[in-house]
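Next come two complexes, and both contain chain A; in the first it sits with chain B, in the second with chain C.
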Partner chain A sequence: MIDWTSWLDYGFMRYALIAVLIITPLFGLMGTMIVNKKMAYFSDALGHSALTGIAVGVVFGVQDTNLSMVVFAVIFALLLNKIGSMNTASTDTIISVFSSCSVAVGLAILSKGGNFSKYSSLLVGDILSITKAEIGYLAVIFVITILFWLFGYNALNAICIHKTLAKSEGIKVKVFENLFAVLVALIVMLSIKWVGILIINALLILPAASARNISVNMREYHLFSLVFAIFSGVLGLMVSYYTNVATGPMIVIIASVIYFATFLYGRNERNK
Partner chain B sequence: MKNKYSFVLIMLLCILLGSVGLTTLYVAKEQAEEEEDFKIVTSFYPMYIAALNIVGDAENVSLQNLSEPQTGCLHDFQMTPKDMKLLSGADVFVINGGGIESFMEEVAETYPELAVVEACSEVEFLEEGIEDSFVAEDEELEASRTGHVHEHEHEENAHAWMSISSYRIMVATIAEQLASLDEAHAEDYILNAQIYDAKLQDLQEEQQELFAMTEGTNVILFHEAYAYVADEYGMNVCYELNLDEERQVSAGEIADVLEAVENDGVTYILAEELYGKEIGTTVEKESDVTVLYLDTLNRGDYEKDSYLNAMHNNIELLKQELIK
Partner chain C sequence: MRKIIKPCGFHCIKINNLGVTLQNQVILENINLHIHCGSLNAIIGKNGAGKSTLIRAILDDIPHTGQIEFKDTKDGKMQKLKIGYVPQSINIEKNTPVSVYDLIASYKGRYPVFFPKTKKMYQKIKEALTIFEAEDLIDKQVCNLSGGELQRVLLSMAIMDKPNLLLLDEPVSGIDRNGMELFYKTMEYLKNHYDLAIILISHDLDYVAEYADHVVLLDTKILKQGSVKEVFASPEFDQVFSTGNKENWMNKEENDD
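This part shows the complex of A and B:
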């Protein structure tokens, strides 16, 4: 018989659990807005920019690559917003251009001298890499995000429904959009090392998308998204520990199962 | 409305039970040899083979190796949660020593109680080979930017298992220390080690037969592990290029190799098949040097005689080359 608590005997698993408990509610919350605003591709591009962030850090000899990643991602997000709002081409084209550029730069620098294998753990994530300091950063962001949500959610939602209308209501559209982008950038960057670049976006999108399948109002939408995010996070962490698979993918697999179940349920309900 | 919440609840429960069930099945399969009295964990392949021979058929002793790194050498090895778990249940951890296990610090911090047997504690390491300036420069840069100092840089050359005489010392050290830690099986360990040592001695004699022919030959090494081989055969190392999985050579380095071949009259290059093959072929084409692809014995099948066989093959390879 398995001892279902033994995974908490290890320091790194306790850190991982704390990180999951902090990060998944954030993913759940931010996800609802990302799905509403149809920004899934945006957060994906942000995830990819982590590579460049690390590369930039390496070039400038920054010891803590977290720092260079975060700084780069924030600049990247603001720039994306800026150019996106200029309406020169459709948003997905612009995001795609940015995303591929940053990935190319990141890969070029990191693979110099054939050394890319060292960074390949970034792609799938490494749960052992969570440190105390990172949990500290996450906690700070957690508080900021909650505050932002409490005070800014209505404004953000209004912008999402109709930009011009929101502007006429006196809402500072630019400020809110930029703040939101920066928050997404911070959260993505600080969790990417253990979630992995390839799937971080799934974690951001899936809980919210599943919740959207079955929700009829904003309250339900948020509630379900939070529940799904935390549930898949904790269960994924446990299962990954006992089966010795990478944690990020396991969490995403569970979140995907939830998505398909809610999808089928939602479709049935609507057809009734 | 109510319907929906119960659906969510049931769905989550189903997923929970499903994953718990599947995990239990999976773990049950894995937990076969939990009931042993004395658990030995080894850090990597040569240590495992040595310990395997020492443990022999001793009852109630389990022997396990850490998960095998994909890249052969241990330098960039990352412990997985499974390794941490393995060590948490271990009585002894057998390591090579000399800094090759870069994760030892982490292990010592997490498991201060774990007994560690350092196989090379009695072995005199060779100095790091001829300084390869390119590597050194690269590594300094790397260390400064990642905060991760490549263990090679200021350490001795710890690939001592490549020399049969050092390996015999290592086997004896492991056996002695295991015997003192596990008195119940002490006799088995010492006896098994003696039997194994006899086989190793034969192997060493086989190697020494070649000594007259190899002494003084100029060689180039494509991996620092071969410094021990060169040492045992009395060969002169003219140039050393440390090729491994994470390094590609530049054209300039190949030119350096060719120059060394030219200037010093090098007859052989000792290289690893996996990482040295391409450059080896290139160099062979450009000059009349012979590249010998020797096994570095850091991976292979988990059989008792793996070390003996692989070493024997290495000796045979050289012998055939010399007779030619």
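This part shows the complex of A and C:
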């Protein structure tokens, strides 16, 4: 007989659980807008830019590479936003170019002297190594996000539906778009060490995409996205403990299963 | 439909010397328009003549030169111009979880749309929708509306704050002949029963001839403006829309083959 609470006997598991309880609702919320705005490419590129941010920090001898990572990501996000609004050739191509370029630069610098293994944990993430102080950072960004959501969500949604129409209603389109991009950058950077570059985007997109399969209005969309995100997070952490599999991938696997289930369910409902 | 106020005929909107240059290319220049409340002003012209740019410039969505004045001619006082805008289409894909309530509340309200609906906002939106007989659509998903239904929803939203000027991009997709007829009938009703002026980008010359009070023929600058008769009989109109041109183009295609 397995003891279903034994995983909480360890301090690192309790920290991990708190981290999951902060990160997953954040991702669930942000995802609703990222999916509606079709910014999956954008957040993916941001995730990849973490490597470059760390590399830049290493080159300039910054003590805390977290700092260089966050600064670089914010600049990168604003740059991508600017490109996206320029109406030039297809945005996804340009974002892709910038993203690969920044990953290459990051990899080149970090792998110099054969030291890359030091950073490889960034790729998959390791939520079990999170410390109290780092949970504190997450809590701060959590509060900021909630406030931004309360005061800015309507405007973001209006901009997403029609920019010119939003502007004609007096909404500051550029300000909100940039704030949102910066917020995504901050959240991605502060959680990338625990979730991992390779799968962070899946966690951002999947809960909202699943919710979209079965929701008909904004209230359902948010509720389902939050529930799916938290559920996959907590269950993923538990299962990873008992199966000895990395936590991030486990969470994503559960979130994917939910996506396919809602996809089939939603399709059936619509065909009725 | 419900009446609110009659046009007073004293408000006028003046667009003085408006110009738009984007990336060193002159898209609009020297645009002077004089618009009275209670009038339907149709803007016509070929594709790429700058019609949509003109609307975006009036909305201040793109950098432009020149001024837009809004005056009460009775006492000569300047006022702030309130504009209601109806885009041609919106970015709502299939399966987007946005209801008509969510759509309008996002633009018109501060209370977050992901919280339970507020009675006050719900009532306000329903009232606005009633004007265009669209009140039953309030809880429907926007992506499931027909072209005509969406048009009515967007119109309801545009006149919610009682604008002085209504800017519209004429719907072209998802609306059949009957829908178009209804659309122009609605325009006529609006201008007769509300204190507002309408600027409409139009692609259908037959309807323009039937309903417009003032026609503006645009091609980077204003080629000709005036009553339907004046503009439709002008040589400039012939030049832009003449069937001769079309035939030449078709002949050329054939020759190319």
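Heads up, the rule we're going with is that the second predicted complex is superposed on the first by the 272 of 272 C-alpha atoms of A that agree within 3 Å, B and C clash if a C-alpha of one lies under 4 Å from a C-alpha of the other, contacts with A are read in each partner's own complex, and residues count from 1 in each chain.
Here, a contact is a pair of C-beta atoms (placed from the backbone, for glycine too) under 8 Å apart; a residue touches a chain by one contact, two chains touch by 3 or more.
These numbers were taken from a predicted model, which means no experiment stands behind them.
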First (chain B), second (chain C), both or neither touched by A:231: first
Contacts of A:149 with chain B and chain C, given as first, second, both or neither: second
Contacts of A:157 with chain B and chain C, given as first, second, both or neither: second
Touching partner for A:241 - first (chain B), second (chain C), both, neither: first
Which superposed partner A:72 touches (first chain B, second chain C, both, neither): neither
First (chain B), second (chain C), both or neither touched by A:10: first
Greater chain A contact set [chain C / chain B]: B
Intersection of chain A interface sets (partners chain B, chain C): none
Complex contact set, residues of chain A against chain C: 36, 149-151, 153-155, 157-158, 160-169, 171, 211-213, 215-222, 266
Chain A-facing residues of chain B, complex: 4, 7-8, 11-12, 15-16, 19-20, 22-24, 26-28, 71, 76, 78-82, 84-85, 88, 110, 138, 142, 144-147, 245-248
List of chain C residues in touch with chain A within their complex: 56, 59-61, 83-85, 87, 90-92, 95-99, 101-103, 105-117, 139, 141, 167
Residue ranges of chain A touching chain B (in the complex, touch as defined): 1-2, 4, 9-13, 57-58, 61-63, 65, 113-115, 117-118, 121, 126-128, 214, 224, 227, 231, 235, 238-239, 241-244, 254, 257-258, 261-262, 265, 269
